[in-house]
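Have a look at this one before I ask anything.
Chain lettering (A, B, C and D) follows the sequence in which the chains are written, and residue indices restart at 1 in each chain.
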(Lines give C-alpha, C1' and ligand atoms only; values in the text may rest on other atoms or scores of the structure.)
Protein backbone atom coordinates (compact mmCIF):
# COMPACT_ATOMS: atom_id res chain seq x y z
CA UNK A 1 0.00 0.00 0.00
CA UNK A 2 1.10 3.46 -0.74
CA UNK A 3 2.94 5.72 1.66
CA UNK A 4 1.65 8.98 0.27
CA UNK A 5 -1.02 10.68 2.33
CA UNK A 6 -4.19 11.86 0.60
CA UNK A 7 -4.99 15.49 1.24
CA UNK A 8 -8.09 15.67 3.35
CA UNK A 9 -9.53 18.99 4.41
CA UNK A 10 -9.67 19.42 8.16
CA UNK A 11 -12.60 21.04 9.95
CA UNK A 12 -10.72 21.76 13.17
CA UNK A 13 -7.19 23.20 12.75
CA UNK A 14 -6.49 22.15 16.34
CA UNK A 15 -6.94 18.48 15.38
CA UNK A 16 -3.48 17.32 16.44
CA UNK A 17 -3.52 18.86 19.94
CA UNK A 18 -7.07 17.60 20.40
CA UNK A 19 -6.02 14.10 19.37
CA UNK A 20 -3.02 14.10 21.68
CA UNK A 21 -5.14 15.20 24.66
CA UNK A 22 -7.68 12.50 23.89
CA UNK A 23 -5.00 9.82 23.50
CA UNK A 24 -3.50 10.78 26.86
CA UNK A 25 -6.88 9.99 28.40
CA UNK A 26 -6.91 6.44 27.04
CA UNK A 27 -5.55 4.56 30.03
CA UNK A 28 -5.42 1.31 28.07
CA UNK A 29 -2.78 2.82 25.78
CA UNK A 30 -0.63 3.69 28.80
CA UNK A 31 -1.17 0.20 30.19
CA UNK A 32 -0.01 -1.33 26.89
CA UNK A 33 3.00 1.01 26.70
CA UNK A 34 1.72 2.57 23.46
CA UNK A 35 2.53 6.11 22.35
CA UNK A 36 1.04 8.35 19.71
CA UNK A 37 3.43 8.94 16.80
CA UNK A 38 2.82 10.86 13.60
CA UNK A 39 -0.54 12.66 13.38
CA UNK A 40 -1.66 14.04 10.02
CA UNK A 41 -5.09 14.63 8.51
CA UNK A 42 -6.57 11.17 8.00
CA UNK A 43 -3.36 9.42 9.01
CA UNK A 44 -2.21 8.46 12.52
CA UNK A 45 0.56 6.22 13.81
CA UNK A 46 0.92 4.51 17.20
CA UNK A 47 4.08 2.82 18.44
CA UNK A 48 4.15 0.02 21.03
CA UNK A 49 7.41 -1.63 22.13
CA UNK A 50 7.56 -5.35 22.89
CA UNK A 51 6.89 -5.75 26.62
CA UNK A 52 6.49 -8.74 28.93
CA UNK A 53 3.04 -7.73 30.18
CA UNK A 54 1.25 -7.84 26.80
CA UNK A 55 1.96 -11.39 25.61
CA UNK A 56 0.03 -14.53 24.74
CA UNK A 57 1.00 -18.05 25.75
CA UNK A 58 3.73 -18.52 23.12
CA UNK A 59 5.63 -15.36 24.05
CA UNK A 60 4.39 -13.29 21.11
CA UNK A 61 2.51 -10.04 21.59
CA UNK A 62 -1.18 -10.85 22.12
CA UNK A 63 -3.52 -10.30 19.16
CA UNK A 64 -5.67 -8.24 21.52
CA UNK A 65 -2.85 -5.74 22.10
CA UNK A 66 -2.15 -5.51 18.36
CA UNK A 67 -5.84 -5.02 17.63
CA UNK A 68 -6.10 -2.34 20.31
CA UNK A 69 -3.38 -0.15 18.80
CA UNK A 70 -4.56 -0.59 15.20
CA UNK A 71 -8.17 0.18 16.16
CA UNK A 72 -6.97 3.24 18.07
CA UNK A 73 -4.84 4.45 15.16
CA UNK A 74 -7.88 4.12 12.89
CA UNK A 75 -10.11 5.95 15.37
CA UNK A 76 -7.68 8.82 15.75
CA UNK A 77 -7.18 9.03 11.98
CA UNK A 78 -10.95 9.52 11.73
CA UNK A 79 -10.90 12.05 14.56
CA UNK A 80 -8.44 14.31 12.73
CA UNK A 81 -11.13 15.01 10.12
CA UNK A 82 -13.96 15.75 12.52
CA UNK A 83 -15.24 19.10 13.67
CA UNK A 84 -14.41 20.42 17.13
CA UNK A 85 -16.65 18.84 19.74
CA UNK A 86 -17.46 15.73 17.73
CA UNK A 87 -16.33 12.34 18.96
CA UNK A 88 -15.69 9.00 17.38
CA UNK A 89 -16.78 5.49 18.31
CA UNK A 90 -15.65 2.25 16.65
CA UNK A 91 -18.77 0.40 15.53
CA UNK A 92 -16.92 -2.57 14.05
CA UNK A 93 -13.54 -3.72 12.91
CA UNK A 94 -12.07 -6.78 11.29
CA UNK A 95 -8.45 -7.75 11.53
CA UNK A 96 -6.42 -10.33 9.62
CA UNK A 97 -3.47 -11.45 11.72
CA UNK A 98 -0.97 -12.51 9.08
CA UNK A 99 2.12 -13.34 11.12
CA UNK A 100 2.93 -13.86 14.81
CA UNK A 101 3.65 -10.55 16.54
CA UNK A 102 7.36 -10.85 17.22
CA UNK A 103 9.70 -7.89 17.00
CA UNK A 104 11.22 -5.05 18.99
CA UNK A 105 8.33 -2.74 18.48
CA UNK A 106 5.03 -2.53 16.63
CA UNK A 107 3.84 0.37 14.52
CA UNK A 108 0.12 0.73 13.90
CA UNK A 109 -0.91 2.95 11.00
CA UNK A 110 -4.51 4.09 10.62
CA UNK A 111 -5.75 5.83 7.50
CA UNK A 112 -9.08 7.24 6.43
CA UNK A 113 -10.37 5.69 3.22
CA UNK A 114 -13.78 7.36 3.10
CA UNK A 115 -14.72 10.32 5.31
CA UNK A 116 -18.52 10.10 5.45
CA UNK A 117 -20.76 12.31 7.53
CA UNK A 118 -22.12 9.47 9.64
CA UNK A 119 -19.50 6.76 9.17
CA UNK A 120 -15.81 7.12 8.48
CA UNK A 121 -14.22 4.03 6.90
CA UNK A 122 -10.60 3.37 7.76
CA UNK A 123 -7.81 0.97 6.83
CA UNK A 124 -5.30 -0.06 9.45
CA UNK A 125 -1.99 -1.86 9.26
CA UNK A 126 0.45 -3.11 11.86
CA UNK A 127 4.15 -3.54 11.21
CA UNK A 128 6.58 -5.47 13.39
CA UNK A 129 9.98 -3.78 13.45
CA UNK A 130 13.25 -5.61 14.11
CA UNK A 131 16.71 -4.13 13.44
CA UNK A 132 15.04 -1.25 11.64
CA UNK A 133 13.23 -3.52 9.18
CA UNK A 134 9.43 -3.55 9.05
CA UNK A 135 7.17 -6.48 8.29
CA UNK A 136 3.41 -6.14 7.77
CA UNK A 137 1.76 -8.47 10.30
CA UNK A 138 -1.86 -7.32 10.46
CA UNK A 139 -4.48 -5.68 8.26
CA UNK A 140 -7.68 -4.05 9.55
CA UNK A 141 -10.76 -2.38 8.16
CA UNK A 142 -12.85 -0.41 10.65
CA UNK A 143 -15.99 1.73 10.74
CA UNK A 144 -15.99 4.82 12.93
CA UNK A 145 -19.27 6.46 13.83
CA UNK A 146 -19.29 10.24 14.13
CA UNK A 147 -20.78 11.21 17.50
CA UNK A 148 -21.91 14.80 17.33
CA UNK A 149 -23.20 15.06 20.87
CA UNK A 150 -20.92 17.53 22.61
CA UNK A 151 -20.08 16.60 26.16
CA UNK A 152 -19.72 12.89 25.92
CA UNK A 153 -16.61 13.35 23.85
CA UNK A 154 -13.12 14.73 24.27
CA UNK B 1 -28.61 -16.91 21.01
CA UNK B 2 -29.08 -20.10 22.85
CA UNK B 3 -27.42 -21.01 26.11
CA UNK B 4 -27.34 -24.73 25.53
CA UNK B 5 -23.95 -26.15 24.72
CA UNK B 6 -23.55 -28.46 21.73
CA UNK B 7 -21.88 -31.74 22.57
CA UNK B 8 -18.50 -31.79 20.92
CA UNK B 9 -16.22 -34.77 21.28
CA UNK B 10 -12.91 -33.91 22.90
CA UNK B 11 -9.61 -35.39 21.73
CA UNK B 12 -7.72 -34.57 24.91
CA UNK B 13 -9.53 -35.31 28.21
CA UNK B 14 -7.09 -32.98 29.94
CA UNK B 15 -8.42 -30.03 27.89
CA UNK B 16 -9.48 -27.93 30.87
CA UNK B 17 -6.22 -28.13 32.82
CA UNK B 18 -4.31 -27.54 29.60
CA UNK B 19 -6.40 -24.45 28.86
CA UNK B 20 -5.97 -23.07 32.36
CA UNK B 21 -2.19 -23.49 32.20
CA UNK B 22 -2.10 -21.79 28.83
CA UNK B 23 -4.32 -18.92 30.00
CA UNK B 24 -2.05 -18.35 33.01
CA UNK B 25 0.79 -17.78 30.52
CA UNK B 26 -1.07 -14.98 28.72
CA UNK B 27 0.38 -11.98 30.49
CA UNK B 28 -1.99 -9.63 28.67
CA UNK B 29 -4.93 -11.27 30.44
CA UNK B 30 -3.30 -10.61 33.82
CA UNK B 31 -2.56 -7.03 32.76
CA UNK B 32 -6.24 -6.53 31.83
CA UNK B 33 -7.43 -8.15 35.06
CA UNK B 34 -9.19 -10.93 33.16
CA UNK B 35 -9.82 -14.39 34.58
CA UNK B 36 -10.83 -17.66 32.99
CA UNK B 37 -14.37 -18.71 33.96
CA UNK B 38 -16.36 -21.69 32.75
CA UNK B 39 -14.49 -24.09 30.46
CA UNK B 40 -16.47 -26.72 28.57
CA UNK B 41 -15.89 -28.48 25.26
CA UNK B 42 -16.27 -25.79 22.61
CA UNK B 43 -17.40 -23.17 25.14
CA UNK B 44 -15.23 -20.86 27.24
CA UNK B 45 -15.98 -17.80 29.36
CA UNK B 46 -13.66 -15.02 30.51
CA UNK B 47 -14.55 -12.37 33.11
CA UNK B 48 -12.97 -8.92 33.32
CA UNK B 49 -14.02 -6.38 35.95
CA UNK B 50 -14.21 -2.69 35.12
CA UNK B 51 -10.83 -1.17 35.99
CA UNK B 52 -9.28 2.27 35.61
CA UNK B 53 -6.29 1.09 33.58
CA UNK B 54 -8.25 -0.33 30.62
CA UNK B 55 -10.33 2.66 29.51
CA UNK B 56 -10.72 4.85 26.44
CA UNK B 57 -11.07 8.63 26.50
CA UNK B 58 -14.76 8.72 27.50
CA UNK B 59 -14.29 6.53 30.56
CA UNK B 60 -15.72 3.36 29.00
CA UNK B 61 -13.70 0.17 28.73
CA UNK B 62 -11.57 0.35 25.56
CA UNK B 63 -12.77 -1.64 22.54
CA UNK B 64 -9.29 -3.15 22.44
CA UNK B 65 -9.73 -4.69 25.90
CA UNK B 66 -13.15 -6.03 24.99
CA UNK B 67 -11.81 -7.47 21.75
CA UNK B 68 -8.91 -9.07 23.57
CA UNK B 69 -11.09 -11.05 25.98
CA UNK B 70 -13.61 -12.13 23.32
CA UNK B 71 -10.83 -13.22 20.94
CA UNK B 72 -9.21 -15.13 23.80
CA UNK B 73 -12.50 -16.81 24.78
CA UNK B 74 -12.93 -17.91 21.16
CA UNK B 75 -9.36 -19.17 20.95
CA UNK B 76 -9.68 -21.19 24.13
CA UNK B 77 -13.05 -22.57 23.04
CA UNK B 78 -11.26 -23.86 19.93
CA UNK B 79 -8.41 -25.21 22.03
CA UNK B 80 -10.73 -27.43 24.10
CA UNK B 81 -11.43 -29.49 20.99
CA UNK B 82 -7.86 -29.91 19.87
CA UNK B 83 -5.55 -32.87 20.42
CA UNK B 84 -2.80 -32.73 23.03
CA UNK B 85 0.19 -30.82 21.71
CA UNK B 86 -1.71 -28.82 19.12
CA UNK B 87 -1.94 -25.06 19.44
CA UNK B 88 -4.27 -22.42 18.17
CA UNK B 89 -3.64 -19.10 16.43
CA UNK B 90 -6.25 -16.48 15.59
CA UNK B 91 -6.00 -15.79 11.86
CA UNK B 92 -8.77 -13.20 11.79
CA UNK B 93 -11.66 -11.84 13.76
CA UNK B 94 -14.38 -9.29 13.26
CA UNK B 95 -16.19 -7.58 16.08
CA UNK B 96 -19.34 -5.46 16.10
CA UNK B 97 -19.29 -3.12 19.08
CA UNK B 98 -22.98 -2.54 19.71
CA UNK B 99 -22.98 -0.44 22.88
CA UNK B 100 -20.38 1.45 24.92
CA UNK B 101 -18.63 -0.85 27.39
CA UNK B 102 -19.98 0.40 30.70
CA UNK B 103 -20.75 -1.90 33.57
CA UNK B 104 -19.26 -3.54 36.65
CA UNK B 105 -17.76 -6.43 34.80
CA UNK B 106 -17.62 -7.91 31.33
CA UNK B 107 -18.21 -11.53 30.42
CA UNK B 108 -16.80 -12.82 27.16
CA UNK B 109 -18.26 -16.06 25.82
CA UNK B 110 -16.55 -17.96 23.02
CA UNK B 111 -18.19 -20.89 21.27
CA UNK B 112 -17.13 -23.20 18.51
CA UNK B 113 -19.48 -23.15 15.54
CA UNK B 114 -17.53 -25.41 13.20
CA UNK B 115 -14.62 -27.55 14.35
CA UNK B 116 -12.63 -28.06 11.15
CA UNK B 117 -9.32 -29.85 10.89
CA UNK B 118 -7.42 -26.80 9.65
CA UNK B 119 -9.68 -23.93 10.73
CA UNK B 120 -12.06 -23.77 13.68
CA UNK B 121 -14.79 -21.15 13.29
CA UNK B 122 -16.04 -19.52 16.47
CA UNK B 123 -18.70 -17.06 17.60
CA UNK B 124 -17.97 -14.71 20.48
CA UNK B 125 -20.16 -12.46 22.56
CA UNK B 126 -19.45 -9.93 25.26
CA UNK B 127 -21.94 -9.02 27.95
CA UNK B 128 -21.73 -6.01 30.27
CA UNK B 129 -23.04 -6.85 33.72
CA UNK B 130 -24.49 -4.29 36.12
CA UNK B 131 -26.49 -5.17 39.23
CA UNK B 132 -26.60 -8.77 38.06
CA UNK B 133 -28.20 -7.87 34.75
CA UNK B 134 -26.41 -8.68 31.49
CA UNK B 135 -26.50 -6.70 28.25
CA UNK B 136 -24.99 -7.94 25.00
CA UNK B 137 -22.51 -5.29 23.88
CA UNK B 138 -20.31 -7.01 21.31
CA UNK B 139 -20.51 -9.80 18.74
CA UNK B 140 -17.50 -11.50 17.15
CA UNK B 141 -16.77 -14.13 14.54
CA UNK B 142 -13.24 -15.51 14.50
CA UNK B 143 -11.15 -18.08 12.64
CA UNK B 144 -8.69 -20.15 14.60
CA UNK B 145 -5.95 -22.02 12.80
CA UNK B 146 -4.92 -25.38 14.19
CA UNK B 147 -1.16 -25.43 14.69
CA UNK B 148 0.00 -29.01 14.88
CA UNK B 149 3.68 -28.32 15.32
CA UNK B 150 4.53 -29.54 18.79
CA UNK B 151 6.90 -27.32 20.68
CA UNK B 152 5.77 -23.89 19.63
CA UNK B 153 2.55 -24.40 21.53
CA UNK B 154 1.43 -24.85 25.09
CA UNK C 1 -27.91 -20.99 17.86
CA UNK C 2 -31.43 -20.77 19.05
CA UNK C 3 -34.52 -21.13 16.92
CA UNK C 4 -36.76 -19.00 19.09
CA UNK C 5 -37.48 -15.53 17.83
CA UNK C 6 -37.00 -12.58 20.18
CA UNK C 7 -40.03 -10.34 20.44
CA UNK C 8 -39.22 -7.05 18.81
CA UNK C 9 -41.79 -4.29 18.65
CA UNK C 10 -42.64 -3.23 15.12
CA UNK C 11 -43.14 0.39 14.11
CA UNK C 12 -44.99 -0.39 10.90
CA UNK C 13 -47.66 -3.13 11.13
CA UNK C 14 -47.47 -3.42 7.34
CA UNK C 15 -43.86 -4.60 7.58
CA UNK C 16 -44.37 -7.93 5.84
CA UNK C 17 -46.18 -6.61 2.78
CA UNK C 18 -43.67 -3.80 2.55
CA UNK C 19 -40.81 -6.28 2.69
CA UNK C 20 -42.34 -8.52 0.04
CA UNK C 21 -42.87 -5.57 -2.33
CA UNK C 22 -39.30 -4.47 -1.79
CA UNK C 23 -37.92 -7.98 -2.33
CA UNK C 24 -39.85 -8.28 -5.60
CA UNK C 25 -37.95 -5.19 -6.80
CA UNK C 26 -34.54 -6.81 -6.21
CA UNK C 27 -33.80 -8.13 -9.66
CA UNK C 28 -30.65 -9.87 -8.43
CA UNK C 29 -32.80 -12.15 -6.27
CA UNK C 30 -34.86 -13.15 -9.30
CA UNK C 31 -31.68 -13.70 -11.29
CA UNK C 32 -30.33 -15.98 -8.56
CA UNK C 33 -33.65 -17.84 -8.30
CA UNK C 34 -34.09 -16.78 -4.66
CA UNK C 35 -37.49 -16.41 -2.97
CA UNK C 36 -38.54 -14.75 0.25
CA UNK C 37 -39.63 -17.28 2.89
CA UNK C 38 -40.70 -16.65 6.46
CA UNK C 39 -40.94 -12.98 7.48
CA UNK C 40 -41.26 -12.13 11.16
CA UNK C 41 -40.21 -9.12 13.19
CA UNK C 42 -36.43 -9.18 13.19
CA UNK C 43 -36.27 -12.54 11.41
CA UNK C 44 -36.34 -13.23 7.68
CA UNK C 45 -35.61 -16.30 5.58
CA UNK C 46 -34.68 -16.59 1.91
CA UNK C 47 -34.59 -19.84 -0.06
CA UNK C 48 -32.46 -20.43 -3.16
CA UNK C 49 -32.42 -23.77 -4.99
CA UNK C 50 -29.24 -25.15 -6.51
CA UNK C 51 -29.10 -23.95 -10.11
CA UNK C 52 -26.56 -24.24 -12.91
CA UNK C 53 -26.21 -20.48 -13.47
CA UNK C 54 -24.95 -19.59 -9.96
CA UNK C 55 -21.87 -21.82 -9.64
CA UNK C 56 -18.15 -21.42 -9.18
CA UNK C 57 -15.49 -23.42 -11.00
CA UNK C 58 -15.81 -26.60 -8.90
CA UNK C 59 -19.56 -26.93 -9.40
CA UNK C 60 -20.54 -25.64 -5.97
CA UNK C 61 -22.77 -22.61 -5.52
CA UNK C 62 -20.60 -19.47 -5.72
CA UNK C 63 -19.76 -17.76 -2.42
CA UNK C 64 -21.05 -14.56 -4.00
CA UNK C 65 -24.53 -16.04 -4.42
CA UNK C 66 -24.54 -17.35 -0.86
CA UNK C 67 -23.37 -13.97 0.45
CA UNK C 68 -26.05 -12.20 -1.56
CA UNK C 69 -28.93 -14.13 -0.02
CA UNK C 70 -27.58 -13.97 3.54
CA UNK C 71 -26.92 -10.22 3.25
CA UNK C 72 -30.43 -9.76 1.85
CA UNK C 73 -32.00 -11.83 4.65
CA UNK C 74 -30.16 -9.65 7.18
CA UNK C 75 -31.23 -6.44 5.46
CA UNK C 76 -34.87 -7.48 5.34
CA UNK C 77 -34.76 -8.62 8.97
CA UNK C 78 -33.63 -5.08 9.81
CA UNK C 79 -36.31 -3.59 7.59
CA UNK C 80 -39.12 -5.35 9.50
CA UNK C 81 -38.32 -3.19 12.52
CA UNK C 82 -38.14 0.15 10.74
CA UNK C 83 -40.82 2.80 10.48
CA UNK C 84 -42.80 3.26 7.28
CA UNK C 85 -40.81 5.18 4.71
CA UNK C 86 -37.40 4.35 6.14
CA UNK C 87 -34.96 2.29 4.11
CA UNK C 88 -31.99 0.13 4.88
CA UNK C 89 -28.50 0.00 3.40
CA UNK C 90 -25.82 -2.59 4.18
CA UNK C 91 -22.72 -0.70 5.31
CA UNK C 92 -20.60 -3.78 5.90
CA UNK C 93 -20.78 -7.50 6.32
CA UNK C 94 -18.40 -10.31 7.08
CA UNK C 95 -19.02 -13.90 6.16
CA UNK C 96 -17.27 -17.09 7.21
CA UNK C 97 -17.74 -19.75 4.56
CA UNK C 98 -17.45 -22.95 6.56
CA UNK C 99 -18.22 -25.64 3.99
CA UNK C 100 -18.57 -25.80 0.21
CA UNK C 101 -22.08 -24.87 -0.89
CA UNK C 102 -23.41 -28.18 -2.10
CA UNK C 103 -27.00 -29.24 -1.59
CA UNK C 104 -30.46 -29.14 -3.14
CA UNK C 105 -31.31 -25.74 -1.78
CA UNK C 106 -29.91 -23.07 0.47
CA UNK C 107 -31.77 -21.33 3.27
CA UNK C 108 -30.48 -17.97 4.45
CA UNK C 109 -31.69 -16.79 7.85
CA UNK C 110 -31.19 -13.18 8.93
CA UNK C 111 -31.86 -12.04 12.49
CA UNK C 112 -31.62 -8.72 14.24
CA UNK C 113 -29.28 -8.78 17.21
CA UNK C 114 -29.38 -5.10 18.12
CA UNK C 115 -31.97 -2.70 16.71
CA UNK C 116 -30.23 0.68 17.02
CA UNK C 117 -31.60 3.97 15.76
CA UNK C 118 -28.76 4.55 13.32
CA UNK C 119 -27.32 1.08 12.87
CA UNK C 120 -29.06 -2.28 13.13
CA UNK C 121 -26.72 -5.18 13.82
CA UNK C 122 -27.69 -8.54 12.38
CA UNK C 123 -26.53 -12.14 12.41
CA UNK C 124 -26.98 -14.28 9.32
CA UNK C 125 -26.67 -17.98 8.69
CA UNK C 126 -26.87 -20.12 5.60
CA UNK C 127 -27.90 -23.75 5.65
CA UNK C 128 -27.45 -26.24 2.82
CA UNK C 129 -30.36 -28.67 2.64
CA UNK C 130 -30.13 -32.17 1.21
CA UNK C 131 -32.77 -34.87 1.69
CA UNK C 132 -34.46 -32.61 4.26
CA UNK C 133 -31.34 -32.36 6.41
CA UNK C 134 -29.77 -28.97 7.04
CA UNK C 135 -26.08 -28.17 7.48
CA UNK C 136 -24.80 -24.76 8.55
CA UNK C 137 -22.37 -23.65 5.84
CA UNK C 138 -21.95 -19.90 6.40
CA UNK C 139 -22.08 -17.37 9.22
CA UNK C 140 -22.42 -13.61 8.73
CA UNK C 141 -22.49 -10.47 10.84
CA UNK C 142 -23.75 -7.34 9.10
CA UNK C 143 -24.42 -3.67 9.87
CA UNK C 144 -27.49 -2.07 8.37
CA UNK C 145 -27.77 1.70 8.27
CA UNK C 146 -31.20 3.20 8.75
CA UNK C 147 -31.93 5.60 5.89
CA UNK C 148 -34.70 7.94 6.93
CA UNK C 149 -34.90 9.92 3.71
CA UNK C 150 -38.27 9.10 2.22
CA UNK C 151 -38.27 8.73 -1.53
CA UNK C 152 -35.01 6.97 -2.09
CA UNK C 153 -36.39 3.92 -0.35
CA UNK C 154 -39.15 1.42 -0.83
CA UNK D 1 -3.79 2.76 -2.15
CA UNK D 2 -0.97 2.26 -4.52
CA UNK D 3 -1.27 1.26 -8.14
CA UNK D 4 2.10 -0.42 -8.42
CA UNK D 5 2.11 -4.18 -8.34
CA UNK D 6 4.46 -5.99 -5.96
CA UNK D 7 6.64 -8.55 -7.66
CA UNK D 8 5.54 -11.96 -6.53
CA UNK D 9 7.25 -15.07 -7.81
CA UNK D 10 4.92 -17.41 -9.63
CA UNK D 11 5.06 -21.18 -9.24
CA UNK D 12 3.12 -21.94 -12.40
CA UNK D 13 4.11 -19.90 -15.48
CA UNK D 14 0.77 -20.88 -17.03
CA UNK D 15 -1.08 -18.98 -14.28
CA UNK D 16 -2.96 -16.62 -16.59
CA UNK D 17 -4.35 -19.25 -18.96
CA UNK D 18 -5.25 -21.41 -15.96
CA UNK D 19 -7.07 -18.50 -14.34
CA UNK D 20 -8.98 -17.67 -17.51
CA UNK D 21 -10.10 -21.28 -17.94
CA UNK D 22 -11.23 -21.40 -14.34
CA UNK D 23 -13.08 -18.08 -14.60
CA UNK D 24 -14.92 -19.31 -17.69
CA UNK D 25 -16.26 -22.16 -15.55
CA UNK D 26 -17.80 -19.80 -12.98
CA UNK D 27 -21.34 -19.63 -14.27
CA UNK D 28 -22.25 -16.96 -11.71
CA UNK D 29 -19.81 -14.56 -13.37
CA UNK D 30 -21.52 -15.10 -16.73
CA UNK D 31 -24.91 -14.64 -15.09
CA UNK D 32 -23.75 -11.33 -13.59
CA UNK D 33 -22.24 -10.19 -16.89
CA UNK D 34 -18.75 -10.03 -15.37
CA UNK D 35 -15.55 -10.48 -17.38
CA UNK D 36 -11.98 -11.11 -16.36
CA UNK D 37 -9.72 -8.12 -17.04
CA UNK D 38 -6.06 -7.68 -16.21
CA UNK D 39 -4.34 -10.75 -14.72
CA UNK D 40 -0.91 -10.33 -13.17
CA UNK D 41 0.88 -12.20 -10.40
CA UNK D 42 -1.04 -11.37 -7.22
CA UNK D 43 -3.28 -8.86 -8.99
CA UNK D 44 -6.53 -9.52 -10.86
CA UNK D 45 -9.27 -7.26 -12.19
CA UNK D 46 -12.89 -8.07 -13.04
CA UNK D 47 -15.24 -5.76 -14.91
CA UNK D 48 -19.05 -5.84 -14.61
CA UNK D 49 -21.27 -3.39 -16.51
CA UNK D 50 -24.42 -2.00 -14.93
CA UNK D 51 -27.28 -4.30 -15.91
CA UNK D 52 -30.98 -4.48 -15.06
CA UNK D 53 -30.85 -8.05 -13.73
CA UNK D 54 -28.37 -7.42 -10.87
CA UNK D 55 -30.08 -4.63 -8.91
CA UNK D 56 -31.49 -4.09 -5.44
CA UNK D 57 -34.76 -2.33 -4.67
CA UNK D 58 -33.48 1.24 -5.14
CA UNK D 59 -32.09 0.62 -8.61
CA UNK D 60 -28.44 0.40 -7.55
CA UNK D 61 -26.35 -2.68 -8.20
CA UNK D 62 -26.96 -5.18 -5.39
CA UNK D 63 -24.26 -5.46 -2.71
CA UNK D 64 -24.29 -9.19 -3.37
CA UNK D 65 -23.20 -8.68 -6.98
CA UNK D 66 -20.47 -6.27 -5.93
CA UNK D 67 -19.26 -8.69 -3.25
CA UNK D 68 -19.26 -11.54 -5.74
CA UNK D 69 -16.90 -9.82 -8.18
CA UNK D 70 -14.56 -8.49 -5.49
CA UNK D 71 -14.37 -11.89 -3.78
CA UNK D 72 -13.69 -13.50 -7.15
CA UNK D 73 -10.98 -10.97 -8.00
CA UNK D 74 -9.32 -11.73 -4.66
CA UNK D 75 -9.60 -15.46 -5.19
CA UNK D 76 -8.08 -15.30 -8.65
CA UNK D 77 -5.31 -12.98 -7.42
CA UNK D 78 -4.46 -15.72 -4.91
CA UNK D 79 -4.68 -18.39 -7.58
CA UNK D 80 -2.01 -16.70 -9.75
CA UNK D 81 0.56 -17.49 -7.07
CA UNK D 82 -0.35 -21.10 -6.53
CA UNK D 83 1.32 -24.18 -7.99
CA UNK D 84 -0.28 -26.09 -10.85
CA UNK D 85 -3.04 -28.34 -9.58
CA UNK D 86 -3.74 -26.40 -6.40
CA UNK D 87 -7.08 -24.71 -5.91
CA UNK D 88 -8.36 -21.87 -3.82
CA UNK D 89 -11.38 -21.54 -1.55
CA UNK D 90 -12.59 -18.36 0.15
CA UNK D 91 -12.82 -19.08 3.87
CA UNK D 92 -14.02 -15.61 4.84
CA UNK D 93 -14.32 -12.08 3.60
CA UNK D 94 -15.45 -8.76 4.96
CA UNK D 95 -16.63 -5.91 2.81
CA UNK D 96 -17.28 -2.28 3.66
CA UNK D 97 -19.81 -0.83 1.23
CA UNK D 98 -18.92 2.84 1.23
CA UNK D 99 -21.23 4.29 -1.42
CA UNK D 100 -24.28 3.06 -3.37
CA UNK D 101 -23.23 1.12 -6.46
CA UNK D 102 -24.26 3.49 -9.23
CA UNK D 103 -22.25 3.90 -12.40
CA UNK D 104 -21.79 2.57 -15.91
CA UNK D 105 -19.55 -0.25 -14.92
CA UNK D 106 -17.80 -1.66 -11.86
CA UNK D 107 -14.17 -2.66 -11.65
CA UNK D 108 -13.15 -5.09 -8.92
CA UNK D 109 -9.44 -5.26 -8.10
CA UNK D 110 -8.05 -8.08 -5.99
CA UNK D 111 -4.50 -8.05 -4.67
CA UNK D 112 -2.47 -10.46 -2.60
CA UNK D 113 -1.16 -8.92 0.60
CA UNK D 114 0.40 -12.00 2.14
CA UNK D 115 0.99 -15.21 0.20
CA UNK D 116 1.07 -17.84 2.93
CA UNK D 117 1.37 -21.56 2.38
CA UNK D 118 -1.98 -22.38 3.96
CA UNK D 119 -3.80 -19.05 3.79
CA UNK D 120 -3.39 -16.23 1.28
CA UNK D 121 -4.58 -12.86 2.55
CA UNK D 122 -5.97 -10.46 -0.02
CA UNK D 123 -7.25 -6.90 -0.26
CA UNK D 124 -10.05 -6.09 -2.66
CA UNK D 125 -11.48 -2.85 -3.94
CA UNK D 126 -14.43 -2.00 -6.14
CA UNK D 127 -14.60 1.15 -8.23
CA UNK D 128 -17.71 2.56 -9.89
CA UNK D 129 -16.88 4.13 -13.24
CA UNK D 130 -18.92 6.90 -14.85
CA UNK D 131 -17.74 8.99 -17.80
CA UNK D 132 -14.28 7.50 -17.37
CA UNK D 133 -13.96 8.60 -13.75
CA UNK D 134 -13.55 6.03 -10.99
CA UNK D 135 -14.86 6.21 -7.45
CA UNK D 136 -13.91 3.70 -4.75
CA UNK D 137 -17.19 2.25 -3.46
CA UNK D 138 -16.18 -0.91 -1.58
CA UNK D 139 -13.23 -2.31 0.35
CA UNK D 140 -12.70 -6.00 1.16
CA UNK D 141 -10.27 -8.16 3.04
CA UNK D 142 -10.46 -11.90 2.33
CA UNK D 143 -8.74 -15.14 3.34
CA UNK D 144 -8.13 -17.73 0.67
CA UNK D 145 -7.32 -21.28 1.67
CA UNK D 146 -4.88 -23.19 -0.48
CA UNK D 147 -6.43 -26.53 -1.48
CA UNK D 148 -3.72 -28.88 -2.58
CA UNK D 149 -5.90 -31.83 -3.40
CA UNK D 150 -5.62 -32.33 -7.15
CA UNK D 151 -8.84 -33.24 -8.85
CA UNK D 152 -11.31 -31.12 -7.01
CA UNK D 153 -9.79 -28.05 -8.57
CA UNK D 154 -9.38 -26.51 -11.98
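Assume contacts are C-beta pairs under 8 Å (C-beta built on N, C-alpha and C of every residue); 3 or more make two chains touch, one makes a residue touch a chain.
All figures in this text were calculated on a predicted structure; none of them were measured in a lab.
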item: Centroid-based (C-alpha) most distant chain relative to chain A; value: C
item: Centre distance in Å when chain A and chain B are each reduced to the mean of their C-alpha atoms; value: 23
item: Centre-to-centre distance between chain D and chain A (centres being mean Cα positions), rounded to whole Å; value: 28
item: In chain D, residues with contacts to at least two other chains; value: 91-92, 94, 96, 141, 143
item: Touch-based graph of the chains, sorted into line, ring, star, complete or other; value: complete
item: Residues of chain B defined as touching chain D within the complex; value: 91-92, 94, 118-119, 141, 143, 145
item: Residue numbers on chain A that touch chain D, as the complex places them; value: 1-2, 94, 96, 98-99, 113-114, 116, 121, 123, 136, 139, 141, 143
item: Chain D residues within the chain C interface of the complex; value: 22-23, 25-32, 52-58, 62-65, 67-69, 71-72, 87, 89-97, 100, 152-154
